[in-house]
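Per-chain residue numbering starts at 1, and chain names A, B, C and D are given in the order in which the chains are listed.
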Amino acid sequence: MKETLALIAQASSIQASKGSVATYIPELAKADPEAFGLAVTECDGTQYLSGNCEFRFTLQSISKVVTLALALEERGKDNVFSAVGNSPTADPFNSIMRLEMDAPHRPHNPLINSGAIVVVSLLPEEGREGKIEAILDMARDLMANGDIKVNDRVYRSEKNTSDRNRSLAYFLRSVGSLKGDIEDILDVYFRQCSMEVNAKDLSILGATFACDGLNPITGKQVISPQTARIVRAIMTTCGMYDGSGEFAVNVGIPAKSGVGGGIMASVPGRMGIGVVSPPLDQRGNSVAGLAALAAISEQLHCRVL
Amino acid sequence: MKETLALIAQASSIQASKGSVATYIPELAKADPEAFGLAVTECDGTQYLSGNCEFRFTLQSISKVVTLALALEERGKDNVFSAVGNSPTADPFNSIMRLEMDAPHRPHNPLINSGAIVVVSLLPEEGREGKIEAILDMARDLMANGDIKVNDRVYRSEKNTSDRNRSLAYFLRSVGSLKGDIEDILDVYFRQCSMEVNAKDLSILGATFACDGLNPITGKQVISPQTARIVRAIMTTCGMYDGSGEFAVNVGIPAKSGVGGGIMASVPGRMGIGVVSPPLDQRGNSVAGLAALAAISEQLHCRVL
Amino acid sequence: MKETLALIAQASSIQASKGSVATYIPELAKADPEAFGLAVTECDGTQYLSGNCEFRFTLQSISKVVTLALALEERGKDNVFSAVGNSPTADPFNSIMRLEMDAPHRPHNPLINSGAIVVVSLLPEEGREGKIEAILDMARDLMANGDIKVNDRVYRSEKNTSDRNRSLAYFLRSVGSLKGDIEDILDVYFRQCSMEVNAKDLSILGATFACDGLNPITGKQVISPQTARIVRAIMTTCGMYDGSGEFAVNVGIPAKSGVGGGIMASVPGRMGIGVVSPPLDQRGNSVAGLAALAAISEQLHCRVL
Amino acid sequence: MKETLALIAQASSIQASKGSVATYIPELAKADPEAFGLAVTECDGTQYLSGNCEFRFTLQSISKVVTLALALEERGKDNVFSAVGNSPTADPFNSIMRLEMDAPHRPHNPLINSGAIVVVSLLPEEGREGKIEAILDMARDLMANGDIKVNDRVYRSEKNTSDRNRSLAYFLRSVGSLKGDIEDILDVYFRQCSMEVNAKDLSILGATFACDGLNPITGKQVISPQTARIVRAIMTTCGMYDGSGEFAVNVGIPAKSGVGGGIMASVPGRMGIGVVSPPLDQRGNSVAGLAALAAISEQLHCRVL
């Protein structure tokens, strides 16, 4: 196992040169394109680390599943899915036109930006500090790492390049699909995207979802089995931006990517996988991360579809 | 197992009264709304039948996966997925606007109507008779039933109510995404939709996909393991029309439905499930079929997501 | 006046080299790119001819106003505008997506292809022969030319390259916005597009609309003043494809263009203008024709907006 | 003339009961639904007033032509029309989806909200105070009324119900179609919409555009003839929201409406018309105002199309 992963890490990290580090947020553009980390956490707590598993990066869109899990726990499945849909869509993650075209004018799913912004607004905590603290607590519990915190420079960089997300939020409120103070909601959203982790943290996140909500490192039931299953299902159909369909065909494992270069995958009942490599393909998915997961799916027989 | 399925059949068949039999094709409107059949075929060949497993209905959209499997075998994955995408979409199955809006102007996936029409056009056989014979042969092999044939009245009824599909086909050819004689292609498409089966046939279809292409009744390797996996992945993200996301959340099994009232599901490595009940919900999925699959997923621990 | 027009003809005909002859219908691609004709018919019957006013070309989209006038006369304004809208649109002339996106699913106006096809279907005459004869009669009356007929080669060429129009027609019927035999309707449509005229004919067409329906050459009241005004209004907002807004700004006269290279303009109460030069700009409007009309608008003070 | 107008005023003011006062901005909802004023200013300076021409209302979208005229004068036609298009569109005035769908991602014309916001951003004056002062000066010059100012309560009400406009502005900036400080630009936009006038002011505004930029009351050439013509052309194709096509057919005069209940019309070379009655139809046009303009067009032979 250990050697297999080491070989996979070696072979896939080379692929990074085919991608480009995200540039639309200035701070992300500074990421080391050569960094590569791969970690596996099995449901019995065994861990395998390969490459640079100390390399820190921000969760970006992977944070959407943390907040989704929190909202499902706190508000219940019905409330969440009456505010956002659960349908995959062929549109890019920051698309706005569907919100106008389709009635009801609500986001198609919680993993596109508009949906993730609505999910933040559903959290029952008061104010921006209350909400982000609850998200950080959930992230720390899911990843068995009490030190997880927001990278302040990335957060401020996000906030300064947020025209599109601001447009989405104001549109949602104009059609009655979002309630609350938009600056508060966006502030929480930018901070959740800026939570900093390493590949090992990601693998534990995947493992907790894989083990029906039981964190295999701490032994704590962090979320209900139902919440874990919902998150895995949504990741399967919507987790890889508009590359979700292709990922289902080629890899066949529930997963979520972020433009920080991380991908978290969750093999139900078996393991969580965390991989990071900043260079992205055109859809915003880590090139080397995709390669590593395809190899793991095949060589470790992890495909679930 | 037998009793569990019988109880599930009983409980879910009652749900049929909440749906309505498809009316947009006159011949479908004649289907018996009370008919209900449920069959399971395991990968070792064991079968469980419940309700009316002799009730015959037409495959409709379920036929799309038969032809997709055939095209993948005959033309290869790369050729197929350069002609149609593999992305789920939030649009209805007969939507045309995406074909104009999005470049390249090709169907988003092979399970919406436009995509299925393109898949038919990819078959290498000459003429309409050649193509439909190849599809029938594939269907017979996949379902271990040499008697499967086209229901002529349904086929003619489809052909007489085909304005939308004709519009899709002409549009596709006008943008260069479809080649060939449109009347030939549509004729094959209407005939494949009109292939008549029963719940047991469907369960074997699901089992053959579940067993990586090996038909557990005949022992024949009908399609390659890769083709079986691709079909399962596409069914997971796109199989239940615009209810695919919700089905992934609630049931979590690769499946494909048809407006004839059938649903075929495929639990990798374990079993195929065939269920039929003509009344449909607003998205075109069998109401009682959905209920049966949700119960099976939970009670038989079949969820894969 | 005569000299002014001659100078305008000379200066604008040079512009033709900036455009390209239409190629999407093979027969149109054969048009002489150097041909240029300019004719003016005043409301008192005076005519001025410049360039090659014997050069024959097909009306193409200009025929849409002939059939619109006929439908308005035969079916009345209310019937026509309950079947098609009267709103300009920013979409290209052959666009289909609006028909799906917007309810009611009817064409936005009678001068885009989908709308023109619906207008043909509204004609009360029986069968394709009846309808095209009525259109030819109307065309002959409006243009004071009993010899106008269909160019058979162009008609057959249109019919062989008609995938998009066929797609539009089938879509319209699938949503209930078009009734009747589609092959009949399209056949009439292709024939009306293929009616052959010269620049002088066009100028009389424009003059009859300008003179509130009274043909200044024959003295016959061909259509009612109301029909003439409606046609002029629709031409103003929708007559130049998606270049209608720019034409209103730059020229400011009701006009209709066709991909055969003709443009007909109508200065209310004063004159009709016919100009032809086959090379088109990207929107499908004759480049030299646009230049001639801009010059006429300014130098003859013809602007009405 | 005077009696004709009085009769028209009487007959059309009754129509107001078929409409509803705008409610989406709270302050507008307080408008007197019975108020009706009708004014005509001819190009020789003669004025006819009917009904309540002292009734004050806010310009709302009519202000868009004031700022457009200013931007054309200060920045030139080419600069303005490279930042916004000049094409009519079938979309509602606050639509966003076209901005994402169509490349280049710029507003289709300066009279929809997104376009008007861009036009504000083009003004060369520094800061919000500089811009609004320039707009007020232009408004005062065009309407021969040095007392025109912003209604502060309406302005603040607009600013508090501005989610959609804010969404449009952030979207435009995110795609590079808007530059500058968004809060500044929107503040100017809300203030220009809140400029308060009466029917007489409106009629002078229309007359100045009708007289090629020469204000017939003050004798001052406020804007160039070219700017006046461009504004009239844009009003013809886009002035009445998505009712522009129907207005061209039924009335046939360049005009611009606002949700404050005003409509300004401009008969080239002859007169300007101002009419106000707050109840609106579903498209946002004054019901009684439309009736008055239709009657004037017919009875005073003002139709230009």
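Going forward, a contact is a pair of C-beta atoms (placed from the backbone, for glycine too) under 8 Å apart; a residue touches a chain by one contact, two chains touch by 3 or more.
Since the structure is predicted, the reported quantities are computational estimates derived from the model, not experimental observations.
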item: Chain whose average C-alpha position is farthest from subunit D's own; value: B
item: Residue-number overlap at the subunit C/subunit D interface, same or different (half cut); value: same
item: Interchain centroid distance [CA atoms averaged], subunit A/subunit D, Å; value: 47
item: CA centroid of subunit B to CA centroid of subunit D, Å; value: 55
item: Whole-Å gap separating subunit C and subunit D, where each centre is the average of the chain's CA atoms; value: 32
item: Junction residues of subunit A - those touching two or more other chains; value: 101
item: Full enumeration of touching chain pairs; value: A-B, A-D, B-C, C-D
item: Of subunit D, residues touching subunit A in the complex; value: 95-97, 100-101, 163-164, 166-171, 173-174
item: Subunit A contact footprint on subunit B (complex, rising order); value: 81, 85-91, 98, 102, 108-109, 229-230, 232-234, 236-238, 242, 244-246, 248-249, 252, 254, 268, 303-305
